[in-house]
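Presented below is the structure to which this report refers.
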Amino acid sequence: MLSNRKSGKQRLYGADSQLVDQEERRLDLGFGSTFTDPNSRLINKDGSINVTRTNTSFWDRVNLYNRLITMNWPSFFGVVLLLYFSENVVFACIYMLVGPEYLLGLDKVTDGSPLGQFWGAFFFSAQTLTTVGYGHISPSGYLVSAIAALESMIGLLAFALVTGLLYGRFSRPVAHIRFSTHALFAPYLDVNGWMFRIVHQRANQLIDVQVDVSLSRLETRPDGVRYRRYYNLELERNRVNFFPTNWTLVHPITPGSPLQQCTPDDLAESDAEFLILLRATDDTFSQVVHTRYSYRYDEVLWGRKFLPMLDGNQSGGALLDLAKLDDTVDAPLN
Amino acid sequence: MLSNRKSGKQRLYGADSQLVDQEERRLDLGFGSTFTDPNSRLINKDGSINVTRTNTSFWDRVNLYNRLITMNWPSFFGVVLLLYFSENVVFACIYMLVGPEYLLGLDKVTDGSPLGQFWGAFFFSAQTLTTVGYGHISPSGYLVSAIAALESMIGLLAFALVTGLLYGRFSRPVAHIRFSTHALFAPYLDVNGWMFRIVHQRANQLIDVQVDVSLSRLETRPDGVRYRRYYNLELERNRVNFFPTNWTLVHPITPGSPLQQCTPDDLAESDAEFLILLRATDDTFSQVVHTRYSYRYDEVLWGRKFLPMLDGNQSGGALLDLAKLDDTVDAPLN
Amino acid sequence: MLSNRKSGKQRLYGADSQLVDQEERRLDLGFGSTFTDPNSRLINKDGSINVTRTNTSFWDRVNLYNRLITMNWPSFFGVVLLLYFSENVVFACIYMLVGPEYLLGLDKVTDGSPLGQFWGAFFFSAQTLTTVGYGHISPSGYLVSAIAALESMIGLLAFALVTGLLYGRFSRPVAHIRFSTHALFAPYLDVNGWMFRIVHQRANQLIDVQVDVSLSRLETRPDGVRYRRYYNLELERNRVNFFPTNWTLVHPITPGSPLQQCTPDDLAESDAEFLILLRATDDTFSQVVHTRYSYRYDEVLWGRKFLPMLDGNQSGGALLDLAKLDDTVDAPLN
Amino acid sequence: MLSNRKSGKQRLYGADSQLVDQEERRLDLGFGSTFTDPNSRLINKDGSINVTRTNTSFWDRVNLYNRLITMNWPSFFGVVLLLYFSENVVFACIYMLVGPEYLLGLDKVTDGSPLGQFWGAFFFSAQTLTTVGYGHISPSGYLVSAIAALESMIGLLAFALVTGLLYGRFSRPVAHIRFSTHALFAPYLDVNGWMFRIVHQRANQLIDVQVDVSLSRLETRPDGVRYRRYYNLELERNRVNFFPTNWTLVHPITPGSPLQQCTPDDLAESDAEFLILLRATDDTFSQVVHTRYSYRYDEVLWGRKFLPMLDGNQSGGALLDLAKLDDTVDAPLN
């Protein structure tokens, strides 16, 4: 997936230019080579990407549906409640302007004061918008009847919208993956490895889980210009069929690895960031889910290894303890 | 699909370490090698995986949407009914606390006793929540009117939710595959084969059906430690374009098969389990569906073969008898 | 796609058995070799497959959601109307049993006869089920109020269901492909070809359209047993990126083709059927759509070729005439 | 993706015919070679394809669901409002025909004139259709009650439909990609390149973005007939994992490129059009999105290059200015 070349296509004619050839082989994840500020990361901890946009159009900035789908639940219900309240205020004002006397029965439930009438109109509006329509207040006259007819239709449309949004929110494919707080440089077999650990937080199954890891770091051109370069980090295993327990992903530091001979100072000096892309299929809905994550140089521990999270010799099935995700122990590097 | 190597990527640099190389070639489905309890299976008969989790967060444990989508229909309607009843009880209490005298018309439908008033408030709440709003009971006063306005909105939101859940339940991709109760060791052409039989229980079509089978068994390390090892079982045919009838999947036991020379005692001693993964496309909705299944050593018959389920020479189309799925007959092994 | 071999997997060990090897190379689309009745086709003209099932369980036979989604619109609305009517009859009976005197206002809208009361209860039920609740008839007494509360909830659930079904019906991925009535044996470049023509009937775009064609015919084993065999028919072009106009799919009859030297009598005698599988992506919804079709030996014309459907030299865009799909003209074979 | 050959299939037998072989190698995107009118483009600026259809059936022409999903929002709400109004007019007429005296309470809200009664019936219809059912007007008599019962059910069905349509509109996968107004012939490394620039207008992420570019131009057969031919344009990079900023797509004009030695006059004379296909995955919903675009010969600039849009050295993340998408500067070609 992290291919820096054309995918699935044979080359139709040779590129005679040496420079073109070189450029085609350069790995580019889509960030470009100009992200050189050492104080900011490429991928934030929530998976978002660290780019600000200016001069976008109004609707692009609002990004309405996207925002309503991804905001948290309290905000969402807050928005719904606010809209419900505002809509009723607007319609109550309209009914007051046309004349409260067209709302039959209003006099029986209010004290006749303008404020009382306003709230009466407000509650009539709410009963119309939700189509509850008790009828102890009812519209009369062409204009008020027409406004009420319009309002009840708007109400149905609004709740149709909310129905769609609620379904969209629920059915949105999200991977509940937890990443270990730190990545580790640990001994691995007869060499060392760079590794991190993940676990699926939910009990339903993820299948066909695939992970790609890249190293991004600043390097210096012969002319002294700093630029960002990207390396694919090969993993000992980058795909599993099932993901019922924890999974430790290991990049073995063998000759040829960009981390060969690397020291903590090297990582810090080059503003290194490890970029992680995970994709999987949620078994319940057969939906593809994606997750991004990144470790910066200061989120990496040297000479520690992970302790097991799974007790596989339990009768009645294996036992996975999610609280142990970050449990590590000292382990001198090879 | 059951690849134990990196998928779709060429190797960028050689792993000089022999151990790293070995590790990379080891097949791991994601269960790990520590599932060694001989009394429990990896995949349960319903396709779930035999792992228990501890220290998960509250919402991860509840897994609300997932649970509401996958529970059976009586439970689902039970939950809906219970919520409807509780919500009305809660609001009836609130109306009683504020004062039943604010519900106009309540006196006409009740005997005036507190219990009678409570049930009157309960039914008024139900009429508000469902927005039926007959109006023979109606709210008056600011507070009760506001509560009723809120309740009718909650009602609409709740039924919007139920609409989404119902659609989610119906449209969830599920493969209605039935597996034969036993897998068989049977004669196959001029060798023997390990085989099982499947059938799609529904009349709509599955297309592009693909099956992968692995053998999982305990083995012993040179140091005497028991660990779980996984083998891919090659099938005579692992993919069909259509699946209108039954399908017998055969692993031919040719030289190189991990089942070569295997006896029933070997299977039992090594706690062998055959893991099956099926994926297909439901033709009606173009959805991908997945199914998992497993046969343990004690669900395998030796020297039996399947009897035909399909009569293909019927006029008016072939006839498939689903009751014959498990019909086998003695067949001495080669 | 019409692969008769394992997909995407390297062979881990050789099959020493010649028979196993042969069997693995046999093309099987999933129909099997026993469909030998010469009077029935494998794939019906509507794309369904000619297999009847017996001994299926009740719910598998009903296949409720699938049937409600795929039935035609008049039937669907018929079912909805029938359920609405029946539900009201049932509830009207219940209200009558409990006692029509608990429905306040019923006496004002009916003549007091039992039949009049029944219809009054029926309409009250309808007003409750749809939550319109005018209120000129209203429930009183615990039991009738409770039944009405239940009925209004059932009504909301039922219409939630219908909402989901309507969306499922509308959003179901369907390819509106029309196939030419006949396939042709026509001259093609310097050889002959077997060809048919398709067109997308809708104005929205299908992209990445891919077609696979197989020939199925009866052959005779050395022991005289008739069996069905399948051949993949290679196409001159089996994939296009866009499908804005018509598309003629051609199998060139070059040496090696199973149709080489084939005569009309050969086709008829062997009960030949050409099986077509099309898959594409609907551009509007990014959904994958599938279509199946088949031509039997008696739906093939010899020595005819297609006339053009498209006039590409129009100013203001090309003009495609769908009425010309079946227009052919005599063309002597090479 | 722009393959002019069979995908994913090995060749089973050789095509002995030279002509067949040649034809199989011809690139055809699905437009065919007869689009030869020099005044019209293949792909319009909105991504639609320039083909008109005649003799389509009524429902294929209407393409109802597709049209309701893709029309703009004002039109959509216009259609909904119009249907609501018309439906009420129709039912008001029916109620008037049966007799306004069957609508209880109608006399209290109208002046008794036929027009007044009509509007009363109209508003009663609206209150029934939306199920608001105040009840100050209510049906009596078998016929009017039955019509009202039917209308309230139709109302629920209609709003179920609208719910589905609204969700379909919102959840439809759309890529908000903006293309630079002009494509450029610019110096590129030590050669020249044909290039254009794209940016995602929304803040949510597109991942796995893949672009394919073809050149379509008129050529002349030896017999003097003009026909349209298609070339795949190889890109320096046709796939990125992330697309957070802008992306300049470059076809390097190396030997073998169909643009080698090409002049502005050549492009114009051959009615050249560059066809662009983009596909990506929307990260929020894991949906695949597609976009088509094209540049004609008169939308190409010679000897200009793009100015940067991204300032990557900002503290607090990179800054992308969308207003600079079309900023170019003179750059003499190599």
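We call the chains A, B, C and D, going by the order they appear; numbering starts again at 1 in every chain.
Operating definition for what follows: a contact is a pair of C-beta atoms (placed from the backbone, for glycine too) under 8 Å apart; a residue touches a chain by one contact, two chains touch by 3 or more.
Source: prediction; values computed, not measured.
Both chain C and chain D are touched by A, B. For chain pairs A-C and B-C, the one joined by more C-beta pairs in contact is B-C. In the contact between chain A and chain D, the residue numbers used by both copies make up under half of all numbers at that interface.
Separating the CA-averaged centres of chain A and chain C is a span of 37 Å. Centres computed as Cα averages put chain B at a distance of 26 Å from chain C.
Annotation for chain B: residues touching 2 or more other chains are 1-3, 127, 131-135, 163, 167.
Taken together, the chain A residues at the contact with chain C in this complex read 131, 133-135, 163. In the complex of the two chains, the chain A residues touching chain B come out as 1-3, 80-81, 84, 88, 109, 119, 123, 126-127, 130-136, 159, 162-163, 166-167, 170-171, 176, 188-191, 201-205, 207-210, 232, 234-245, 247, 252, 254-257, 281, 283-286, 308, 310, 312-324. On the side of chain B, the complex with chain A involves touching residues 1-4, 6-9, 11-20, 23-24, 28-32, 34-37, 39-40, 48-57, 60-61, 63, 65-66, 69-70, 104, 127-128, 131-135, 138-140, 142, 145-146, 148-149, 152-153, 155-157, 160-161, 163-165, 167-168, 172-173, 212, 228, 277, 287-290.
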